[in-house]
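What follows are several structures.
In the two assemblies presented below, subunit A is common to both, partnered first by subunit B and then by subunit C.
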Partner chain A sequence: MKIPQDRLNRYVGMRRDFAEEEYINLQPIQRGGILTEEARRAILEFGDGYSTCDWCPPKTARLDMITDPPIQQFYQDLAEFLGMDVARVVTRCREAKFIAFRMLGGAGDYVVLDSTAHYSSYIAAELAELRVKEVPNSGPPEYRVDLEAYAAKIDEVKKETGKLPAALLLTHIDYLYGNLNDAKVVAKIAKECKVPYILNCAYSAGIMPINGKELGADVLTSSGHKSWAASAPTGILAFNKSLEEKFTARSKMEGDLTKRKFGAKELAMLGCTVMGAPLITLMASFPEVVKRVERWGEEVEKVRYLVAELERIEGIKQMGMRPKMHTLTHMETESFYKVSETHKRKGYFLYDELRSRKIVGIQPGLTKHFKLNTYGLTWDQIRYVRDAFFEIAKKYGLKIS
Partner chain B sequence: MALTSSVKETISEMIKIQQVLRRTSPNHKMNDEEKRQVLLSIEKAEEILKMMREEVKGR
Partner chain C sequence: MKIPQDRLNRYVGMRRDFAEEEYINLQPIQRGGILTEEARRAILEFGDGYSTCDWCPPKTARLDMITDPPIQQFYQDLAEFLGMDVARVVTRCREAKFIAFRMLGGAGDYVVLDSTAHYSSYIAAELAELRVKEVPNSGPPEYRVDLEAYAAKIDEVKKETGKLPAALLLTHIDYLYGNLNDAKVVAKIAKECKVPYILNCAYSAGIMPINGKELGADVLTSSGHKSWAASAPTGILAFNKSLEEKFTARSKMEGDLTKRKFGAKELAMLGCTVMGAPLITLMASFPEVVKRVERWGEEVEKVRYLVAELERIEGIKQMGMRPKMHTLTHMETESFYKVSETHKRKGYFLYDELRSRKIVGIQPGLTKHFKLNTYGLTWDQIRYVRDAFFEIAKKYGLKIS
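Our next item is the complex of A and B:
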């Protein structure tokens, strides 16, 4: 079929509306994925399809064996940086979770997970034919996960099925409130009950210091485009030696006619995983990522400052656990909601006001509550955001203490 | 060959400037060091572009 030229023209000269050079973007999922200078250079060099595979096949025709660019070394450095034994780059964090679930459980098994887990944790379990048992949280205003309840949930599974769950999964930082869960509490339970423990570090590894061994994780998952200054799609699956055989088992398939075999390929990874531009940005940003996690304390300082300032506006309150331990933040903004009720643009007024001040990332239409993320903003940008909210509050007659 | 590396060097200088724009968005108020960085990149890029022009003319 031929596509008309006017339709094809839509793909020419594509521009992003909210370029980082022009706007402050508070989108909760975007802050940690902003490319470093080196990654932006590398993407021009390696943007072409299989560009990372110029020197493949090496001795073993597999992505993680390529030495130029230094992918093999990177995989080792990545594991070491995370305090794990083995690492693989996969397409997304959800794929890392799926692989872990698939290799640890069988159809009908349970995974015990926190009730603030991302939807992709549930879907990964579903595709792996697992069932889920949720660990409750305290509800508003903290939404604190009852970490000790993992033990009771394991007992529930045992009573129901006569066997242990396939795995425990804890979301280190939840996507709704940015709560930091104490990974060691669940690690202790996992160890006592002898259940493999998956720590989902989508919002933590890559922006804050993480040592999987210290946290007691058997498996660690993360997201390159969310927290490692990498292009999408990039996920990280890291695991301990004890699971290496299981997770990196080779293909045993043989063609019935050709008798072809693929014994070098890792089955759970479906052979080679992420190559080209996404992988190369993850690698190019790595030196800066190693440095930036050491500055995590200042990032927390900045978000606490902004939250304290925004709470000076009447009717604005931070949701989730206090004090903030992560830059992803959920604000309840009752006063903006009241303004929206009589505003001609209704719920969109706040988005419009922010956008006119070159701030984006707050979900359009939301005024009762919204999420934001301050990760990587400079102090000047933090103050700019505060001033913008103050200006909007004053414009609509809201008090600032 | 020289043209290829010159193009990359020029883009690299532009990326350096973009990084400053990203750090200072949306009003691009630059401190002295940031201004110095931007001006230095512009100078370098101008030099490379001049060389490129000469090289292409000489072909």
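Our next item is the complex of A and C:
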């Protein structure tokens, strides 16, 4: 069908409404996904459709067998970097979880997961036809997951179904408060109970040092566009030898008439996965990612500094566990909410005030609570953000201690 | 874990081994995926991780609800362009097929498909736990699918299982010979038998005019990186109103403890799908794609011309149905094979000869059969390719009629 030109014009010259280099972007899910210079170069080189596949080896014809660009080598380096045996790049972290659930469980089986898990963990379980059993958290203000309770939840599942859950899933850093969960506690329970253990490192691997073996994970999932300076959509699925046969099981399908078989193809991956721009940016940024995780200590220092400064404003308090162990931060800002009640722009005043100071990424309209992420900001930018909040607080008569 | 610098250096300065602008690329799966200029601009603007999600509406928080960039509008325009009611962009055409199979069938159900279907159609069925029943083709040299036989295969399934197949799948243009299958023939059978009908337009939609309603498809799948001038990985899943409820069913999952629900999220999509570079290139190229499908007639003229010219070389013959109805072409080249038997470079001589003439994309090593695709080549380039093959033929003493 024909589409009128005026509607087509919408797709010409699409731009973000701010230039990343002119603004400080505090968007909670975006800080770890900003491309490196090398990735920006590579995305143009390999932007065209199947351009990563120029040298697909005819006999195996599989993404992870391509050595030019060095995709096969990258899969190995990626696994090693994460302290896991095998790695695959998949389309999203949620797909990595779906694959793990799909290959570990059957319809009606349970997965035991923390109650601060991302929605995509629940939905991945649902699409794999699993049920969930949630591990409680302490509620406000800490929302601390009761990690020891995984054991009791496994028992509940056993009583209810007569068998073990298909998997345990722990969210390493939760998306709401940026709490760091001690992966080893759950690893111990998983090992004792002999249940496969999935550690969701969507907000940790790629920005923090992660060693899956040390943390005791059987499966490690992560998100390239969230934490690896890669374009969306990219996910990482890494696993240990013990699960390799299951996760990389080849297709057993056979054409009933032609007897065609596809025995080189990995079933759960649907053959090839991310054959383009997101994969190539993940690879191009990898050398910088390997370096940047070593600077994690300073990232934590910066966020702690900013939180301490912002808490000097009356009515502002960091939510989640203290001290901060991650740059993703949830602030409760009752005093800004009070300002918004009488402001003609209502809740949007805060966004406006920040934006006029070249700061974006705080969700427009929110003043009672909001999330921010300081990952990768310089000390100067951190101080600039602090000063901006102080200015806004003063403008609206809030006290700063 | 630390990765040694010499291994990291592999990811610095990655390049394709030919510059697209200096070579003629005949790669069968790449011609339709070359980015437009507008897409090359957009991929840099939206290369960063979640950059398409700056304006994600907080309440619905779903990719297809974002209006800046105009993703919501694009989904509507895309559906309309394809003559379907609803469209979703998913990570790959194979994922589109998996979703369709997953939502239409249950474990052990059948899908009836053509025996020239791509491997990903079989594997998508396998992951959805379906079985396949193949519709025969005529074998060499035409490999014509016996479209009327879909009816008999449905009967076979009914006899064997007591119920209808979950779906029929027809590959609109097959990947091996570029044969065009008459979609309406199968549509009529699907309608009569009341079986949902999936038309896989991986090689047609985006380069040929396609109207799903006219073709009688209930579901239409396609590949952005194959045929829509988009980066990988991108797939299109379009469907009619009658299937909307099934395909866009929302998550019903509920946390057993927290009672958290995710009712805004579409289950089969796992929530959001392609939140980045591949989607934005698909959108940026869309105005050109809408125009280019109108030039399909000339594309067919060009391939027919080249095939007729190449067949003047002794021992060279086009395989598949005649005359060509698509630019993807399979050539049988017995005479080049004979040359290769005594050539010191064996089968690689043809690749070398073409490459030295700035032509790439014919699989290295192949001489007996190979595939090529002329989509989007200018007449001058077509004649240049013809001349190159003539030169090579003459060099090795082959007759040209």
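A few comments on the model shown:
Quick note on the criterion: the second predicted complex is superposed on the first by the 399 of 401 C-alpha atoms of A that agree within 3 Å, B and C clash if a C-alpha of one lies under 4 Å from a C-alpha of the other, contacts with A are read in each partner's own complex, and residues count from 1 in each chain.
Note that in this section a contact is a pair of C-beta atoms (placed from the backbone, for glycine too) under 8 Å apart; a residue touches a chain by one contact, two chains touch by 3 or more.
Values in this document were obtained by computation on a predicted structure and should not be read as measured data.
Looking at the shared chain after the overlay, A:Arg40 reaches both subunit B and subunit C. By the touch criterion defined above, A:Gly347 lies against neither subunit B nor subunit C after alignment on the C-alpha atoms of chain A. Of the two partner chains, subunit B and subunit C are each touched by A:Glu20.
After overlaying the two complexes on the shared chain, residue contacts for A:Val274 are found with subunit C alone; subunit B is out of touch. Residue contacts after overlaying the shared chain place A:Gly216 against neither subunit B nor subunit C.
With both complexes placed on chain A, subunit A has more residues touched by C than by the other of subunit B and subunit C. Of the two partner chains placed around the shared chain by superposition, neither subunit B nor subunit C is touched by A:Gly320.
Once the two complexes are laid over each other on the shared chain, residue contacts for A:Lys358 go to subunit B alone; subunit C is not touched. When the two complexes are overlaid on their common chain A, residue A:Tyr384 makes contact with subunit B while staying clear of subunit C.
For the contact definition in use here, the residues of subunit A common to its subunit B contact set and its subunit C contact set are 20, 34, 40-41, 44-45.
Subunit A makes touch with subunit B in their complex at residues 20-24, 34, 37, 40-41, 44-45, 357-359, 378, 380-381, 384. Contact residues on subunit C toward subunit A in their complex (touch as defined above): 1-3, 7-18, 20, 27, 29-30, 32-35, 38-55, 58, 68-70, 73-74, 77, 80-83, 91-92, 94-95, 98, 102, 115, 119-120, 122-127, 131-134, 136, 211, 224-226, 229-233, 251-253, 255-258, 260, 262, 265, 267-268, 270-271, 273-278, 280-281, 283-284, 286-287, 290, 360, 363, 365-366. Residues 8, 11-12, 15-16, 18-19, 21-27, 29 of subunit B are the ones that touch subunit A when the two sit in their complex.
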